[in-house]
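All chains are identified by letter, namely A, B, C, D and E, in their written order; residue positions are counted from 1 within each chain.
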Amino acid sequence: MSYAEYLAAIGPEIALTIAALLVMSIDALWPRSVRAIPWIGIAGLLVTLAMLPMFRAERVAFSGLLVIDPLAVLFKVIALISVILVALLSISHRPLRGFHEGEYHTLLLFFAVGLMFLVGAAHLLMIYLALEMVSLAAYLLTGHLKLDPRSSEAALKYYLFGALCSGLFLYGASILFGLTGTLHLDGIAEAVRASGLSAALLAALVLMLIGLGFKIAMVPFHLWAPDAYEGAPTPITALLSVASKAGGFAVLLRVLAVAFPLEALDWQPMLWVLCVVTMSLGNVIAVRQGNIKRLLAYSSIAQAGYVLVGVVLMRQTPAGLPSAMIYLIAYLFMNIGAFAVVIVVSNALGSDKIEDYRGLARRAPLASASLAVFLVSLTGIPPLAGFIGKFYLFAATIDAHAYWLAVIMGVNSVVAAFYYFRVVRAMYLDAGKSEEPIGTARPLQVAVGVTLLGTFVIGVWPQPFLLFAAALPLGF
Amino acid sequence: MPLLTITTFTPLVGLLLILLFVDGRRVNTVRWMGVIFSFLPLLLSAAIVAVHQPSNPDFQLVERLSWIPALGIEYHLGVDGISVPMVVLTALLSFVAALGSWNITDRAKEYWIFFLLLQVGMFGTFVSLDLFLFYVFWEIVLVPMYFLIGIWGGPRREYSAIKFFLFTLVGSVAMLIGFLAIYFAVEPHTFSIPVLLGRTGSLPHTLQSVVFLAIFLGFAIKVPVVPFHTWLPDAHVEAPTPISVILAGVLLKMGTYGFFRIGFPLLPEGARQWSFAFAVLGVIGIVYTAYVAMAQRDFKKLVAYSSVSHMGFVLLGMAGFTLVGFSGAYFMTVSHGVLSGAMFLCVGVLYDRTHTRDLDAFGGLMARMPIYGGMLILFSCGALGLPGLSGFVAEFLSLLGAFGRHPWLVGISVLGIVITAAFMLLMMRRVLMGPLNERWANLSDISARELWSLIPLAVATIALGVFPPLLMHITDPTLARMLGIIGFEVAP
Amino acid sequence: MTEPASLLAWIAFVCLVAVTVGSAVLVVTLRNLFHAVLALIASLLGVAGLYLMLLAEFVAAIHVLIYVGAVATLFLFVIMLTVRIDDAALRQSNRQVIPAIALCGAGLALLLAALLAAPWTPVEEIRPPGVQQIGHDMLTTYLLPFEVVSLLLLVALVGAVTLARREDQRT
Amino acid sequence: MIPLAPFLVVSAALVAIGVFGALTRRSALGILMSIELIINAAALNLVAFSQHIRTSDAESTAGQMFALFAMAIAAAAAAVGLSIVICIYRNSKTVNVDKIDLMRW
Amino acid sequence: MDFLPALIPVLPLLAFAVIITNGRRLGWSACLVAVGASLTSAVLAALVYSRVLLSHETLAWSFEWVRWGETALRMGVRIDGLGALMLFMVTVVGTLIEIYAIGYMAGDKTFSRFFAFVSLFMAGMLGLVVADNLLLLFVSWEIMGLCSYFLIGFYFHRPSAAAAGIKAFITTRIGDVGLLIGMILLWWTAGTLRFDELLLAVPALAGLGDAHVDLMLTAAALLIFVGTIGKSAQFPLHVWLPDAMEGPTPVSALIHAATMVAAGVFLVARSFILFAQFPAALTVVAWVGGFTALFAALIALTQNDIKRVLAYSTLSQLGYMVMALGLGAYAAGMFHLITHAFFKALLFMGAGAVIHGFHHVQDMRRMGGLWGKMPWTAWTFLVATLAISGIPPLSGFWSKDEILLGAFHESPVLWVAGTFTAFLTAFYMFRLFFMTFTGRQRDGEIHAHESPAVMILPLVVLAVGAALLGIPGSPWMGLWVQHSLDVPAYALAHHHHSNLVMGLSIAVAVAGIALAWLMYAPRPTIQPARVARAMGRLYTLSLNKFHIDEIYAALIINPTRALARGSFRFDLGLIDGAVNGMGWLQRALASLKGLFDKWVVDGIVNLLATIVQALSAVFGLIQTGRVHNYLLLASLGALVIACLTWWNMG
């Protein structure tokens, strides 16, 4: 592998690492320039994002360790966009201001690097390594506000749960290595096809599923999510709910689609059950949540359930995978937008209780209108992004004749509407205690603007996004 | 000249203008812009009626743009015999409701924004020929309606608003599943209604009946059909007057229009299998809600239950599968739109003055408000099916149509007519007749603005009642062809 | 084909397994955390011995270096910092013991059943790759993980220092 | 030489003990130690497999390489874990998992 | 020029529109507009019916009203002999009553509204008479029903008037609904609603001998008769007519004596082709008519309110007409309708004059000796009373005699009942006359006065009509009226004259008058009070109208109201469960019984919402906040997944 090929394979990752190191050193050498650090980080991310199209050529790099294919590129785009937005959110998040911002943004960038490796990894070692890197960065970022007991408690729970799950994932990977004699996913697939179904293979799959399930907060491995989301600083909650979840989905897709061919081990019924339980439990518990971050946590668990529907059906219908992809893209904009507004409110009111959102419409018309748009889009009402995502998922279920799944999804979206609209009701229908308006910091306005634009554009003109998502060949 | 797109999106232009350029505090400018942008579609709908040739049953003024080729979805608009009257009715009632919203000053800017968005959704639903586009416009109506009921409504507005929203959402999810089942059942997959019209008749019968059930649920909640009707009284009682006019006058019609446009023509076999259940639900709707209406103390709830009862006729008329039945059902859709809209305006006029809707609180108002009394009597007579007004023509044609297949059900439904007459007259007596309740000694009669919003409706009721071909010459060719597609017409 | 394991090797293996599993049980049951860490060290040493049995000397050496040297001492420091005297008396395991025992027992049984019945393809003679082979692969095929692990360690370093540092020492 | 099976049993036992420890230890440190055990067991498993099963010559060192990286990562994870434990100690003066339930329902 | 007949109903309609829109400006002159309109239409009608009666031709004109696909509904006018006669009666009586009303209603502040509704009513009645198909007939039928509701409830500040209005409208509505179903059934079997086409279609269908078709047509006939029972207040839907007396007297005269109540009879006559083909339908009609006649006469005996007596007498006479039609004596029935319209209108107007003069007191027991004070009213009243009692040569005798003749030939039982009713009629009519006009004025302080000229004139004209109108229908002029009805071939053969029947009816009438003279003359020989005690139970039964109102209240009205309340509670409770609220949740979870109550009381819809809340609370609890619980649950979950998949795969 000549150095030119190195550069060609992981060019963007290298650029981002340089940016991260730059941010770290500037913070170390010129502490006074702390205002500029976040913008440098964002610039680095933007450059990497710009480089992505040049590095789109499909290839297998590092003798099979890393692969560049449409799935990887799409998820890199999702990862980078979400980290940029989170960085924007973090700038004006009051508790974070002046509290080790340098380290915070360094970790954020490394998190992004880890994510880019994760989505590209096609080798068990590489997957485990990237998984751990992302997780470690996530634990540290969650616990960043170390003076606030909630943040460190969140980090502890997140860490303990994550460490156990990744330990079991490693053990599962070792069994898989033992069965197949290779760590490359496609090598594993051939060996598995040859050897066929065995109890050990199932054990390996379940154990690995623990690790991946933890990452996408799938029931029963979602228990850490509500506390972690509530405790973590809000930008990080957004990061966890979108970026780390998207990374988890990328690996899950790659492992399930490549390493475990259906002929050998039919994992669809298992995933079907998990998907239904995730969707329903997430929606049902969210109904009685009083804290907006916890509510969005359960909603994010439920959304993971919806995306899983696409994963479950990806072998039955060509619409399976693209529908999961388009839903993830739509979900990115809706969710981060919602968290952006949560930050605006918590900066002004200092609380995340839904009661404190009463009468917000009069105090911050723009912010509450955009939160209303995000919540309505999460419910799946046209002409917004959420609807296109949900519609395509419904199309997949009907095309795959999974009528029961469609009905369950329908019921879930109705239950979801109930708690999303509880927030809308608090903002618009109930009367607030005070009237004085709430201002929004500039970076937050940019973040809300971008996400709002994303939600409307995907909703009204989804064609380019559908083409982009549909570019994923089934067997990749 | 894309007349349909302009009509549908004029309110949107108004909305954006108000949103971006008008300051919330200048209520007067907001009001005037709102009314103007509600009036423009009325002119445009007149233009549509002028351009549309009733004799040709095909889709006219068709506008076709490819929107999401990846899924084969097009931005496909068009009108025919059964959508033109709906567009006119929507335009008329929106203008009347806009007039009715004149004295809403609390958060006026938001009110008009939601009101205009509502109009976009309604117009879009009636002119779209692509199932996906239909669904999009169908759902757009939901959110503004939630806010309009939720913010400007009565004491229990939150409960009613969320109930309305969830009910309709359940229906639309079922409908979405139904549309997708049709989309995938037809080779090559398409959402466009004109293409599906010829094709879906030949689908396997079991599929058709199951899909029809799903789509039926979606429309039945909106119509509403009896077991799914409980959201209507709450939504009406709590909604501000102009919004109840729109809710009763137009939103209910989206359900019935759905049956005309999608339910029956696309799934004839399914419709035929469920025709008896359809008729039974219709009759239950007529008789049961008439009885419930009789027990009402609240004026608005009485009118709300009576409108559910009238929609029962639409179901009964369609279940007959005869051309006269379909014409009668469609006639009832339009006539009920006019009548219930007017009735709600009357309730509103009284509520604005007395701030109570309790029927027992009124009495002898005929002496104080003779013109209002006259109007209320005219519309109540229309509602109870007095010949010479549009209500009777609709009821007569529907029953005539349904008699062929369901003679006994028609017999039972007639009981509903008697009970409707009873509670309408009881209402008239409690409000207008009897000794003048001294609390209302100084009530002012109906104002010019309120009168001028009622007069077009009165003219419409009388005109349709005396000379039905005014509407039927537009709908007749289209319904005839639709029945041809459905393929089985029973005797006259 | 390597000759069947000599008696001596089996005895050594059994001792090592006893040490490892025994101290592992101690780790999870000892009430005093300090003793638990010592048991942990013993267990890790046992594992290192097993590596030697598998003729993976380099892995054994690294294992001892990292675990016994770094990780165990780190644990000791943190225990010193956080565990107060009166903590030792507390019953260390909580109410979940019974369900935990049942769960782990069942899990272990199922796992063993699955593993032992699996179609392993054991090779006749063990020709373990030497250190030289590992070194060569580390910098050729596995160069990328090598670099990425360094980034990971950097992340861990930056993060751990940020969190653990006492706040008042504002530089 | 010792066949493969005993090694699998040992590592499975260690994993079971590790999970048991994670579930029952009241102190966060206890849980950390148990998790270390699990990771070691997995590494042992890897090395055992890399010695015993036939692999393509390109991947002859895969098992050991994975074990090595796993150890490095475990060390890093331990460091992060312990720093979080210290944070928790500073904030709520205890590392006892039973008492750390500020956020529930 | 043949659309001329179409103008007849339109003129009063225009008058109605004019008066209702600018009622204030017109004020008193509204009556001129109304009377003018009815006069012009009377003249037009005269032109029309004179041409039709003299030259035996039928004028017809129609236009296409509604079209769907190929079938179309044509609407229009058709005047034949029957129509002509009705036109003559309606226009003459109607105009006279309007003139009378000018006097009677003078001074009432809602003067213009009264004439507006009277004009609308005239339009409805004329529309009914000239209609060439059942649908236009039904339309005008309902418009008349509405006017009767408004005119009965004209003094709307009086709660009893409003209640009577509703009672009238609902009861007639029940009848109308029967007619509606009958029309639809007819359309589905005969394929048309136009009378001329029915004349051809019905015999053809009956000829087929298909049992099903016969059944359908008989059902249609009976359903149409239900309409008549409603509108012409036959038993059992007669309860509304006596209460309708709450309205002003001109209204009672116009609507509840002459025209509207006769509409039911006219309907049967118009669609007689349907009844004639099926004897079963005819016998039902006959018996209902006969029974109503007898039943109403019995009640009239004991009534003390002057207008109530006349109301029951109208009921009785209508029963006669329906019986006549039922017996096939088509011409006799219609001739009686014409003559009855004249003398009953006169009786009501006379009573109105009495009430007007007697300061709105209607109780006969306080009257007496008004002959001296109101000579004109008394004379005209006497003529009418003689006519209704069937004393030759007045019109009542000829028409009633024809009916009894028909009854004599067809069904002896009905003939006996008819004759006995004739006796009762003569008795109660003269009881009324003697109590009102002869003897001393029992209530001293009310000094009655004669009515103004504008009221007297119509009385006199009608008196002349009541007297002489019998002649054209009597054998002296060769039954001209009956023949001009161009009795359709299908009507039963005309019966030859029988002296026995004529003699007996005269005798019965004279006996009735004599008995009345004995009981109620200035010096009664038989004390009515003693007779009342003697009759005992029968008297009290007849006094409170055989408790029909109470029976209906118990059987129909209250159960309907209870059903309505029940449905509303059902709607609120079972389906909607509006009674929700989170408080229920905690208690409901406590007890299974609570859950049952929840399901029944809270309703399906809100139960779903509550179940979701309950589940949410339960599942929310697994988030205990303690990490090791999470770990336990997670590993448990993993194990369960593994086992399930293995079991599923295995």
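Everything below uses one rule, namely that a contact is a pair of C-beta atoms (placed from the backbone, for glycine too) under 8 Å apart; a residue touches a chain by one contact, two chains touch by 3 or more.
Computed from a prediction, not measured in an experiment: that's the story for all the values here.
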item	value
Labels of chains that are neighbours to subunit A and to subunit B	E
Pair sharing more residue contacts (C-beta pairs) when D-E is set against C-D	C-D
Chain occupying the most central position, where position means C-alpha average	B
Gap in Å, rounded to a whole number, between the CA centres of subunit D and subunit A	26
Distance from subunit C to subunit A - Cα centre to Cα centre, in angstrom	31
Centre-of-Cα separation between subunit E and subunit C, whole angstrom	102
Mean-CA-position distance for subunit C and subunit B (Å)	72
Junction residues of subunit C - those touching two or more other chains	94, 96, 99-100, 103, 107, 110-111, 115, 120-121, 141-142, 145, 149, 152, 155-156, 159-160, 163
Touching two or more other chains - residue numbers and ranges from subunit A	63, 125, 129, 132, 136, 139-140, 143, 146-147, 156-157, 160, 164, 168, 175, 178, 181, 199, 202-203, 226-227, 418
Inter-chain touch pairs (all)	A-B, A-C, A-D, A-E, B-E, C-D, C-E, D-E
Subunit B partner contacts - residues on subunit E that touch it in the complex	20, 65-69, 71, 135, 138-139, 142-143, 146, 149, 153, 156-157, 159, 162-163, 165-166, 169-170, 173-174, 177, 180-181, 184-185, 187-188, 191, 560-561, 563-565, 567-568, 571, 575-576, 578, 603, 605
List of subunit D residues in touch with subunit C within their complex	1-10, 12-21, 23-27, 29-30, 32-34, 36-37, 40, 43-44, 47-48, 50-54, 58, 60-61, 64-65, 67-69, 71-80, 82-87, 89, 95-98
Residue ranges of subunit A touching subunit E (in the complex, touch as defined)	156-157, 160-161, 164-165, 168, 197, 199, 202-203, 206-207, 209-210, 214, 219-221, 223-224, 226-227, 265-267, 269-270, 273-274, 281, 284-288, 415, 418
Subunit B-touching residues of subunit A, taken from the complex the two chains share	361, 376, 379, 381-383, 387, 391-392, 394-395, 398-399, 403, 406-407, 410-411, 413-414, 417-418, 421, 424-425, 428-430, 462-463, 466-467, 470
Residue numbers on subunit E that touch subunit D, as the complex places them	620-621, 623-628, 631-632, 635
